[in-house]
Structures are given as structure tokens and as C-alpha cells.
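The chains carry the letters A, B, C and D, assigned in the order they are written, with residues numbered from 1 in each.
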């Protein structure tokens, strides 16, 4: 089966019910023994310019989907995974809301946890996505990944 | 505030809605930037004796809660965490169902992911919990952690 | 202790092998004596791997026991 | 290419600085020429960090461009 780039972007915050649905769907895959999940949550941050209220995400979508696909293929080649899912928000996500959801599943826990960590690192470093930190209607800052 | 041992055991499988509720509750904690979640799922396994249909968990509860509390304190001392939750099933959990839920949250992702991994290792190695792998009404095997 | 002896809890495959999750042993004043006593009472435990806890702490050396000691026989853990 | 030139996409703080997310540049046949052209057109980009992609691939060396090239100016990524 040839795998193709698939949509990873969700408009707005990622809901906890979306995460629950995603977990629930895996109950039919009884060869899975371990799931590892990473969630990025928009954090209140105090900057000299003011307090962050939300982040607005934009992307170069065609390139991001192609890159996400390549990373996914690399990770599948490197680790014995059963499943790997990525979701990233676009548009405005308020503090306390989820903006990134990475979900790996495998027979044994080592592959799932290592793959999940590596996936998150690569997403932060390699996906053409930009976050604008919104302080109020007039003020904003461009987020920098550390 | 003095922290005390708290209940970590849940009768039967851990539902995806329980996981969603737990995630949702953290949306008010806007100093959190990263959540790491580990889920153990009961796996179908083919043994010479037959195919595993479920695992029945028992524990030495007083000792397990004390030990879980100690591990929790150690991990909080070692990593800058905002939150740390553990839930483990008791009784029968069928293949495809969740039996372990470990949930860590922190400002930055490194602490959450490392603490979550360490927590899972320690739970598997140090908690007095036993899994009996059920093949059918008459046959069962005692699970061994690898 | 005079009446019933020390309370011993058994778990997992140990409880299954001896067909009891709780029993009492008399005339054991430390964990070494406990082990000898177990070996003669339950020879089926000889080839089994287990650790002993006293008052919910795993003990590796010989530990004194008294009437209030809560002793448990713990086969290898397999949670998660 | 004769009419409009090469299409350039701009993202994030680059798009904000030049106040456009898409524009066209004529008479650039490779990415080095593109950079010179950008520097004179948009001097505000000089102190900004960005990479260039051609056809959705990041390029590090001088890369030839043609009418069909999809060029993008990418400030440092900050997803997640």
C-alpha cells in the first residue's frame, strides 16, 4: 500500500473529545500494547510587551504536508510502530487550549515513546508553521521555538 | 501543603472519556505548555497455551498506594512538573482496552516527556501489581514484565 | 501472636500455588525463619521467585518479626 | 515568466514586514539573484533570518529558477 501525504491541520484548538475519539478507535487494534501521546498546550507567557492571550498559527500548507509525510515515513522506517498520527492547529488557539497532538502506538512501550519524542522534535524543527503570539488586538509577537 | 497517598486504582478498563476529562481539566492551568501521556493497552498475545483474551489485575493495595506516592514525590523532586497523574486498572481488562494511564504536564516539553517515561518504568518495576493473562475460563498464565 | 502467629499475605501466583491469600505462621521471629517454615509447609514454593515485604517495605536481609508485623509474599511484579 | 516573473510566497513575520504574502519578481534566474533583488526591493528584510524553498524544498546553495518555480521565504519555524 502506497502511503500519501494526509491532512494534519485542524482549524482552531484540538478538543479533548477529538483526542478521546482517536484513542477509542485504537481499541480494535489488539496488537497494540502501548500508546504515547504528546500534547502541546498554549501557555500564558509574560513578555515585556504584555501577557500572551492566544497564538495564531499559519502554515505553508503544501510544503508542511509533504514534510509531515516524509517525517512520518522516516519514523515508520526507524521504529516498529502500529500507528502514528499528527494533528496541528491553524488559526487562533487560546491559552489553555491544545494546539499539537502527536500519537504513536506500538507493541512494546519503547518504540511508541521514542518515536513520539522524535516526532515532536522534528515537527517543531522542520514543519513550516509559524505562531504569532497575541497580546491584544494591537500587539503581537512572533513565537520562537527554543 | 502536605501531599498524601491517593487512590490510583480503577475497577476495570480506563475509558477514553476518563482520559478526555483528565485532559480537559488542565485547560484552566495556563502555565502548562506540554502534556505527555502514556497508555498501556491489553494486547492479544499468542502463547503456546492459547490466545490471551484479557488480563486480570490484582494488587497489594496499601503497599502499592504507598509506593506510588513515593515514586510521585521522587519524580516531582527531579523534574519541574505542574501535574502528574497515575491510574491503573484492577480486575479484568479485555484486549484492546486501556489498563494504565500516566499523565505528566509541565511548562516545557522535556520535563513532561522524561518524567512520563521514568514514571512508567518505575510503575512497571516497583508497584506490587500482578496480571493474570486469561486464555479461557480454565486456562490462564501469570504475566511477566519484560 | 501467641494465638494465631504472624499474618502472612500472599499474592499473584504465590496465592494461587498455596491456594490462600492470607494465613498465619507461629514461631517465626525473623524472615529467615519464615522462609524455612514456608519451605517445609509449602514445598511447591521452593522453585518460585518471590520477595518478602514487612510492613509494606521489601526486605533483602534477615528482618525481625513480631505479632504486629504485616508480612507479604510478592511474586515478580507485572503491572502496566 | 516574461509577463509576471517568478512567484514568491512569503510567510510569518516576512509577510508581515513586506505587507504581502505573494508577489512576483522578474529577471531572477537563480536564488542568489533572488536574494540581491529582495535586498534592494525590501531593505527591511536585511536583518531578518529566513530560508528559501524552491518547489517546497529548502535550498542552501544557489539554485536555478524558472517560470514554474514555486519560491517561498520562510522565517524560523515556530509550530507546536
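The rule is short, and it goes like this: a residue touches a chain if its C-beta (ideal position, glycine included) is under 8 Å from a C-beta of that chain, and two chains touch if they have at least 3 such contacts.
In this text, all values refer to a predicted model and were calculated from it rather than measured experimentally.
Enquirer: I need the common contact partners of chain A and chain D, sorted by label.
Expert: none
Enquirer: Please identify the chain with the largest separation between its CA centroid and the CA centroid of chain B.
Expert: That would be chain D.
Enquirer: I'd like to verify one number: the distance from the centre of chain A to the centre of chain C, where each centre is the average of its C-alpha atoms, in whole angstrom.
Expert: Chain centres of chain A and chain C, defined by C-alpha means, are spaced 49 Å apart.
Enquirer: Taking the mean of the CA coordinates per chain, how far is chain B from chain C in Å?
Expert: Going by mean C-alpha positions, chain B sits 27 Å from chain C.
Enquirer: Would you mind pulling out the distance in Å between where the CA atoms of chain C average out and where those of chain D do?
Expert: That gives a centre separation of 74 Å.
Enquirer: Can you pull out the residues of chain B that are in contact with at least two other chains?
Expert: 40, 120
Enquirer: Residues of chain C that touch two or more other chains: which are they?
Expert: Within chain C, no residue contacts more than one other chain.
Enquirer: What part of chain C is in contact with chain B in the complex they form?
Expert: It is residues 9, 11-13, 16, 53, 56, 72, 74-80 of chain C that touch chain B.
Enquirer: Which bits of chain A are touching chain B when the two form their complex?
Expert: Touch residues, chain A against chain B: 16-17, 19-21, 23-24, 26-44, 95-98, 105, 107-109, 113, 116-117, 120, 146.
Enquirer: Which bits of chain A are touching chain D when the two form their complex?
Expert: That would be residues 40, 57-60, 62-63, 66-67, 88, 99-100, 120, 123-132, 142-145 of chain A.
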